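Labels run A, B, C and D following the written order; every chain starts at residue 1.
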Amino acid sequence: MKKVLIAGVTGAMGQKAVSLVNSMDNFEVSAGLAPHLTAENKMDYQLGPAVKTYQHLDEIENGIADIWIDFTLPNAVYSDVKFAIDHGMKPIVGTTGLTDDQQAELVQLSREKHVGGLIAPNFGMSAVLLMKFAQEAAKYFPDVEIIEMHHGDKKDAPSGTALSTAKMIDQVRKPHETNPEETESLAGARGGDYHGIKIHAVRLPGYIAHEQVLFGGDGEALTIRQDSFDRQSFMNGVKVALKKVDQLSELVIGLENIL
Amino acid sequence: MKKVLIAGVTGAMGQKAVSLVNSMDNFEVSAGLAPHLTAENKMDYQLGPAVKTYQHLDEIENGIADIWIDFTLPNAVYSDVKFAIDHGMKPIVGTTGLTDDQQAELVQLSREKHVGGLIAPNFGMSAVLLMKFAQEAAKYFPDVEIIEMHHGDKKDAPSGTALSTAKMIDQVRKPHETNPEETESLAGARGGDYHGIKIHAVRLPGYIAHEQVLFGGDGEALTIRQDSFDRQSFMNGVKVALKKVDQLSELVIGLENIL
Amino acid sequence: MKKVLIAGVTGAMGQKAVSLVNSMDNFEVSAGLAPHLTAENKMDYQLGPAVKTYQHLDEIENGIADIWIDFTLPNAVYSDVKFAIDHGMKPIVGTTGLTDDQQAELVQLSREKHVGGLIAPNFGMSAVLLMKFAQEAAKYFPDVEIIEMHHGDKKDAPSGTALSTAKMIDQVRKPHETNPEETESLAGARGGDYHGIKIHAVRLPGYIAHEQVLFGGDGEALTIRQDSFDRQSFMNGVKVALKKVDQLSELVIGLENIL
Amino acid sequence: MKKVLIAGVTGAMGQKAVSLVNSMDNFEVSAGLAPHLTAENKMDYQLGPAVKTYQHLDEIENGIADIWIDFTLPNAVYSDVKFAIDHGMKPIVGTTGLTDDQQAELVQLSREKHVGGLIAPNFGMSAVLLMKFAQEAAKYFPDVEIIEMHHGDKKDAPSGTALSTAKMIDQVRKPHETNPEETESLAGARGGDYHGIKIHAVRLPGYIAHEQVLFGGDGEALTIRQDSFDRQSFMNGVKVALKKVDQLSELVIGLENIL
């Protein structure tokens, strides 16, 4: 039985993580960490009698968990992950906010301590598989465009996932030229351009978070699409990470790199 | 039996029109018009022994046809349609190139002569129905974006059909504001803007001519999509026009206006 | 200012209806009806000080409302709507469970009393527009198939909306024959058959409620798709009904019939 | 410069292969084989002065080609491929009709002779990538259904590609149960069933050859779609095979196995 500590256990994602771990054979929640978590209120957060509760890192006992799931806040995640590695707990981290330097330092630490783990900006399996497949398809179909669709309240365009997809495609795609004679009678009609990869962003109420990658070749087309209807989908990726983390010998960045 | 003269009968679209009329009950090709068409080569163009052949307007005999199908060239279409109306033949016109003034004049002439007919920039039924439905849906869903997808060789963006769709939507849509806080980290990501309606143009090899209109509302979405795989699709609209032209009392612009 | 009574006000749909009416100019909630609703707990249901509360039909005062919104239960809806019509309140009914005989009787009553209103099995605008457009497109594209996609827990197939769509298409479609030489190497691959219209039902977790109608013709295709992400979408249709109910002179069945 | 013999060079696919090879650097057509091909008519088939022409296998000279592209007929393919391997030419075979026993025998022969090559029932890159990605995704999303869409004249359902996709998914998918309480009010609505994987076949005029694989998980969906608009698409796969065949040490079955 693998023991799991959940940091940020009282938050929405932390609670989903509790439900996930409780539903899996061979895993159990052994401890929760959150600023206002107490032995008295822990049952409000689906935590059973045997689960330890902590409010601060320095209260955490040695050996309390094998795995550290982190859905906390940008200002807490660095100390959390460092603590976990230092104490031999394998971190599975969905919290954003680590700088590139912090990530590099934590990876280095994980190598020194021989502790595997995963930091993933996106735990949605459909988004991660889309990016992975798009990168592979781009080797054979250099002509590619991206359409992402989000709810009307999203302010920035394109989405981070769409941009990440373009970057992954750009790493493998042969040098590629768009039609030099192309003209726009409405500026922007051909979309945003990332190294020759066009990205189109749709914003409409009702929509949640969706992305399509469209490839075209002589006489054929290939389209990969993912739809995120609910943040519950992140737990699909956390589940995969829980099952694979034992095979990792250091901290890995990106769910796609453990698939 | 309705008699049909086909102008531009030796061209690709003219030939499709011959096949169409030959396949319909109650219609027959009575005459063909084309610069190099002769009694000797007419059988190369699916024209039977009884079909009259003309190279110039002034050769055409009175009463030779009830209906005039026109798939010619921009420089011929005005004289053709005028000739048809003057001689009581109902024009069904797929040739582009008429100016707004010429169209208005021909409509006026058709009223005076009591001759019905149809000028349609697009005879593809799926494109025409898409525009019609999009206009109707926009009354209930003011939040709408357009994505059109064409082969990589298409130079201009957005497509004429996408722009026509936006214009039709704009006629009925309530005043509408896009999210004022919206920002683009890649210029053009949010597409071209026609009176607040975003239009996105995708250009990829393999693709032919496709358009989607996406509507979003609280908790739901409606999408209308049309695919033109082949110009053969234009004959679907010509067929509808042939059946309806007798009910028209003047020259109508746009297939959607006779549906 | 139009006054609205909401029957079933404490339920999930009733509560959405309160939010809707509160957000609209020229409409106000004047009364709520629900078995456990009291003057004391009404503020828990977004009902202000001036809103009347009723637990039973016989408590309802004359003149308390112009419009009656009903999201109750199958066993209550008949008495509710009869009561509303008898007392001159225009019913807008989303509750299911009326028999065909009961519907016919209520329509007859509405004519006698000159009270307009609407009973709609589906208030989702995207679903209703899809059905309306599908019926219209089928006049020009007799070749049509339906694919509906729902969450994995849905037990019956095809969905009621898909079947309704097929029925509406069947009313207008010309007699039509499927390919008589067609064979299935896996039974059911060609879907269910409603009067020659094939219906395919997909059941997958993650999906919510989605329907596509696919039309094909020579060289082209037309697809109409709707996605219901959330029951909130029903309020889009209720809003349309609230604005149009004054123009109705009798009880109408189906939101599509007032668009 | 790699020399290529094209068997079936006068057929539609053979001719596309000529165009492809002519367009590639480092490859040239050195010979053509076809029953009625002669030195006199070879220019009608895009074959230049230096290209050898053969009507029968026994005329073919040693060393005339490094690679043998085969788009012939079911009754010719076995002898063709055997001949190619025996004479040290690497076969790239798009002709169907080999029995399982013949395939196994040819693979065995290729090992003995140390001749690499490829036999592919489908050279469409989009179809092959769809199958490959679908198999990979099924490891993470065991809930999956397939929809294939073809022109109305296709007699059998489901398509061979859809069935192949299901078989590839079935190889990796964990044991999986469909909802046992599921019922069909129209028989066939839930599609054909291949080991618990539902397959739906749409047949409509206008459509060409399209396939979608739909995956669903908690709160998310992943869809992979391919469209074959034209058999020209097969040349995308032949091109990949031409570039990779030198790295193969035996005859491989299936384009996906060399990607």
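Keep in mind that, in the parts below, a residue touches a chain if its C-beta (ideal position, glycine included) is under 8 Å from a C-beta of that chain, and two chains touch if they have at least 3 such contacts.
In UniProt terms the chains read A, B, C, D = 4-hydroxy-tetrahydrodipicolinate reductase.
Model, not experiment: these values are computed from the prediction.
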Moving step by step through touching chains, the smallest count that connects chain B to chain D is 1
By C-beta contact count, A-C versus A-D, the higher one is A-D
Residue numbers at the chain A-chain B contact, same meaning over half shared and different meaning under half, come out as same
Chain centres computed over CA atoms; the one at greatest distance from chain C is chain D
So, in whole Å, the Cα centroid of chain A is separated from that of chain D by 36
Chain A to chain B, mean C-alpha position gap in Å, rounds to 48
Cα centroid separation, chain A vs chain C, in Å, comes to 39
Residues in chain C with touches to at least two other chains are numbered 206, 215, 217-221, 227, 229, 233
Among line, ring, star, complete and other, the chain contact graph is complete
Listed in rising order, the residues of chain A that touch chain B in the complex are 143-145, 147, 149, 152-153, 155-158, 163, 178-179, 181-194, 198-207, 214-221
Listed in rising order, the residues of chain B that touch chain C in the complex are 124-127, 129-130, 133, 136-137, 140-141, 215, 217-236, 240, 259
Listed in rising order, chain D residues that touch chain B in their complex are 206, 208, 227, 229, 233
